[in-house]
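The next part holds the structures, each set out as structure tokens.
In the two complexes below, chain A is the common chain; its partner is chain B in one and chain C in the other.
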Partner chain A sequence: MIPRVPASVDQDKIISVHGLKFVYDGGVQALAGLNLDVRRGDYLAIVGGNGSGKTTLAKNLNGLLRPTSGSVIINGTSTSELTVAELAKVIGYAFQNPDHQLFCSSVVEEVRFGPLNLGYSEAEVAKKTELSIEAMDLSAVKDQPPFSLTLGERRRVSIASVMAMDPQVFILDEPTTGLDARETDDLMDSIDRLNLDGHTVVLITHDMKLVAKHAKRVVVMSEGRIVLDSDPGGVFTDLELLLRSKLVPPPVSQLAHRLSSLGVPREVLSPEELVFHLMSGRGARR
Partner chain B sequence: MRALDLQDVRFKHRGSDHWALDGVSLQVEKGEFVTLLGSNGSGKSTICMLSNGLIPHALPGDLQGKTEIFGFDVKEHSVAEFSTKVGMVFQEPESQLFCMSVEEEVAFGPENLAVPREELRERVEWALELVGMKGYNDRSPFSLSGGQKQRVAIAAALSMRPDMLVLDEPAYALDPVGRVELYQVLRQLKEQHGMTVLLAECDSEEAAKYSDKAALMKDGRVISYGTPREVLKDPERLRSLGIIPPQVSEVSALLKERLEGSNFSFISVDEAERSIKEKFTNRKRGREP
Partner chain C sequence: MTGFIDLYTEASTFLHRMDPRVKIVAVATLSLLALITSHLVYLLVLAAVMVVLILFGRASYKKTMLAFSYVFRVMALIVVLWPLFDPRGTPVLFGFGPIRITEPGILAGIATAARIFCLAAAWYLLMFTTSQRDLVRGLVKMGLRFDFGLSLAMSLRFLPTFSAIVESIKDAQRARGLELDKGNLRKRARDYVAVLVPTVITALKMADTLSLALQSRAYGARTDRTYMRELKMRAGDYVALLIAVAVFAIPATAKYIFSIPL
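On to the complex of A and B.
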């Protein structure tokens, strides 16, 4: 469990979104009046089909996009009053495709770029750079050009370069796409650690197994709106809503549904839980 | 004659001293649906690029061993010659879509073969229907969802009327429903049109459900080849190879461990439901007087 800082409701909220609408040039409405509160220390997954508005929402949180109407409040201040640089100190955003944000000649250069541009002293930059490189397990490749690295390593470089700016929130857009099992586990370990250290994590993903395993809270988006906000156990029980939102529950949740006559609860998220409920014999008694 | 026949194949890219393929053997029969599974760097993509001649013709290097596609030696025939035999679909549909309309996109390949106009139209309609995109002819590919884009990319490969489709992590950018739709289209192509399908993936969930065979790859070699049931039942082994196991196989392994004398070995939700219900209903009956 994440230790929650006990505080008044308002101080607890790091992100507060009210009636957010966003329309792209050309008239496509990507967000249709969305409300969302994110609390300090949350480990939130945003899920939904291609085109449901997940990435548009993320870019409204870090100021890359500004609301057409409605408001986005970060730490009590509206993003309309903050520059992208000011926001970058609070909200870190790692792009879906790491190659969209990598451009330096070595991993170290890449990671120091952010804090350097935020005006930190040379000593602070060096310290933040080193800590981020260590946290993302990149010490062995720190002098190599990012483009010589594997996709998994490039993803970690992109997160390290966000981390070096010391944000309170990490928004990670599809961080495990294209990674194999080992690379995914390594990366998710690092992300779990960020959350344990008290950072707020917002994970945008299509991978429901990942959501079941790591997130503490799940927001389902469909057509620019939030249609469900729940803990992971609750989210996979509403099959119809998921399907309408272009989502499919992970296989173990599907199996739990079908075994409800044996007393397996529908909220089961992992193979271990499912087996526990079967073995505890609760099922046999029903 | 096989769709793909690789025997003891080695390949290294020009300028590299690493063997991307290091003694790989793989036989894909015509009409089979085969999934290549392995970690990044295990050689899956290299086999995909070899199976339509991109290797060694567009990506040169040192290629050794027997490499036959529908009986033709890949070294002796060009990518253009294989283009009517093998259709290729990459990870991100956007990297291969470039036309103003879906119809132009799907017509592009055969148009370049100087296929007559009437037949061109037939092929486009046929391909769009197969992937469930009939009626989208005039839409811009870029206005479509990720799943639809990937299906247009498949239609563009199909309009060349290939005998084999090769897909390198085609579900990469798709949402879960888009993923299901994609695999259903591929399975249907195999079943109704005898299409050979060769596909590379890191996650074995769909291989368990849709493929006839799965090949586990490690360090440029195939180390296991067989039906999904044969090669996907041991989740720990798959993890050690960097492959995401079918999630219910982990349930199977745990039950086997905890229930003495049981022999669970399921890899799909359907099978899991059947064998668990059978076992646990028997248990219940046995216990009651």
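On to the complex of A and C.
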């Protein structure tokens, strides 16, 4: 049974998941009934150990997988009524391994592929392609074959190729795996910009430092369930729950925990904040 | 999403314990036997023997049905189509214009279907009672160059991994609005380029990494190889080998030297 959308649809709600269960063909239950609402403009990080169901959830959001039971409502329409291509116009999904999608002989062609599939006119395709290539800082390499680029650049190409389809939501699956600190910072800057421009960003990651620095909201998954849904500061104060979910808070939060007797609040998320509290709090008084 | 299935079914029957070399020989002789006889009764007897052997091997029902689902379809097609195109002989059971359905035509159709079954069953017997490792071990002992055997073993080992990668690539392209299996043949062929190119490139990268991994573990440092597990023929294996050769050699002699029709 598909729950009908109530008459008064919350216009801000772009993704709405109700009682979502998903069981793979082999009988493995990956999602054990979860609820999640994502609002327009959210910057959401989905974190959890391997096998906690992060990617399965993401694939249910863009229709690559369909709920075994429960529902996924995108912009007021259930995914069961939409094709993957139709959903791609709203939900952009950059896969973990960029090499699983790159196949064209130049970056430009690669980025054009998505909007062409969606049936945009030549002029629109050209415009979207150019904008995406610029936004992802790929102008210098736009005529090169994607496979000749570095991993960081290939990730950007894969995100640009999603961006060119002009989705409202970006789901990015482990976008920084295998990147060095500089590449990570550059990529995250571009992703932050996407969010500032009003796009909804869903970041799937293991990297808690990344979460502390960039996300506005964190969803912790464990064994196919959402065990915590809060702002980053709130999530990292619950050490026990994090450990049970096979996660370790970022070093700065761990330090804040140990320094809590000095009056440092546990929600500290950046070294700057930590220093600030140490200097101004009881810590400075000895 | 079907993916690749390994036919090997774990069990400890005499077929599983048999030396892989004997089984490889037996597949060859049984296949040849099915090819040199065209007599319906002999083929049906052979098919029955195959079924009994499959049962002795404790094959899993699910895997067997999966493996034979295509074979059964081909057999059904042969039984239906053969009589239509083979108008020889009498009695004619049904005649209309150029179509002549004869009794020998129908019987020949059934015989050919039985032969297809025997060929498939012979290979299935080998595949479901022999692990990939043993199969390659047997082939290498029979004179296959070791590096060819290793390549074969590795390709078999990577088939499931590979089918998972292909699925993931398909998903990635579908998320970019590609609608596979939609449109005419030309569009579909073009669409599959988007799946094929990343697949080939990923495969080449994987092969590269694998060869480095092999080299870093000193593969090929010694020319005189030693083996962790040596195959050894036991008394039962010799008996089985004798039977396997005899079931082909005796009818073949009868047919080609004494001209007894089979």
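Assume the second predicted complex is superposed on the first by the 272 of 286 C-alpha atoms of A that agree within 3 Å, B and C clash if a C-alpha of one lies under 4 Å from a C-alpha of the other, contacts with A are read in each partner's own complex, and residues count from 1 in each chain.
Operating definition for what follows: a contact is a pair of C-beta atoms (placed from the backbone, for glycine too) under 8 Å apart; a residue touches a chain by one contact, two chains touch by 3 or more.
Being a predicted model, the structure only gives us computed values, none of them experimental.
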item: Chain B versus chain C as contact partner of A:25, first or second or both or neither; value: second
item: Contacts of A:230 with chain B and chain C, given as first, second, both or neither; value: neither
item: First, second, both or neither for A:50, with chain B first and chain C second; value: first
item: Partner chain(s) touched by A:243 [first = chain B, second = chain C, both, neither]; value: first
item: Chain B versus chain C as contact partner of A:106, first or second or both or neither; value: neither
item: Chain C residues within the chain A interface of the complex; value: 1, 165, 168-169, 171-179, 193-194, 196-198, 201-202, 205
item: Chain A-touching residues of chain B, taken from the complex the two chains share; value: 38-41, 91, 145-147, 169, 172-180, 202-203, 205, 238-239, 241-248, 250-251, 254-255, 258-259, 269, 272-273, 276-277, 280, 283-284, 287
item: Residue ranges of chain A touching chain C (in the complex, touch as defined); value: 25, 59, 62, 64, 83-85, 88-89, 92-93, 95, 97, 99-103, 113-114, 117-118, 147, 161-162, 165
item: Chain B-facing residues of chain A, complex; value: 48-51, 150-152, 177-184, 206, 208-209, 243, 246-248, 250-252, 254-255, 258-259, 261-262, 271-272, 274-275, 278-279, 283-284
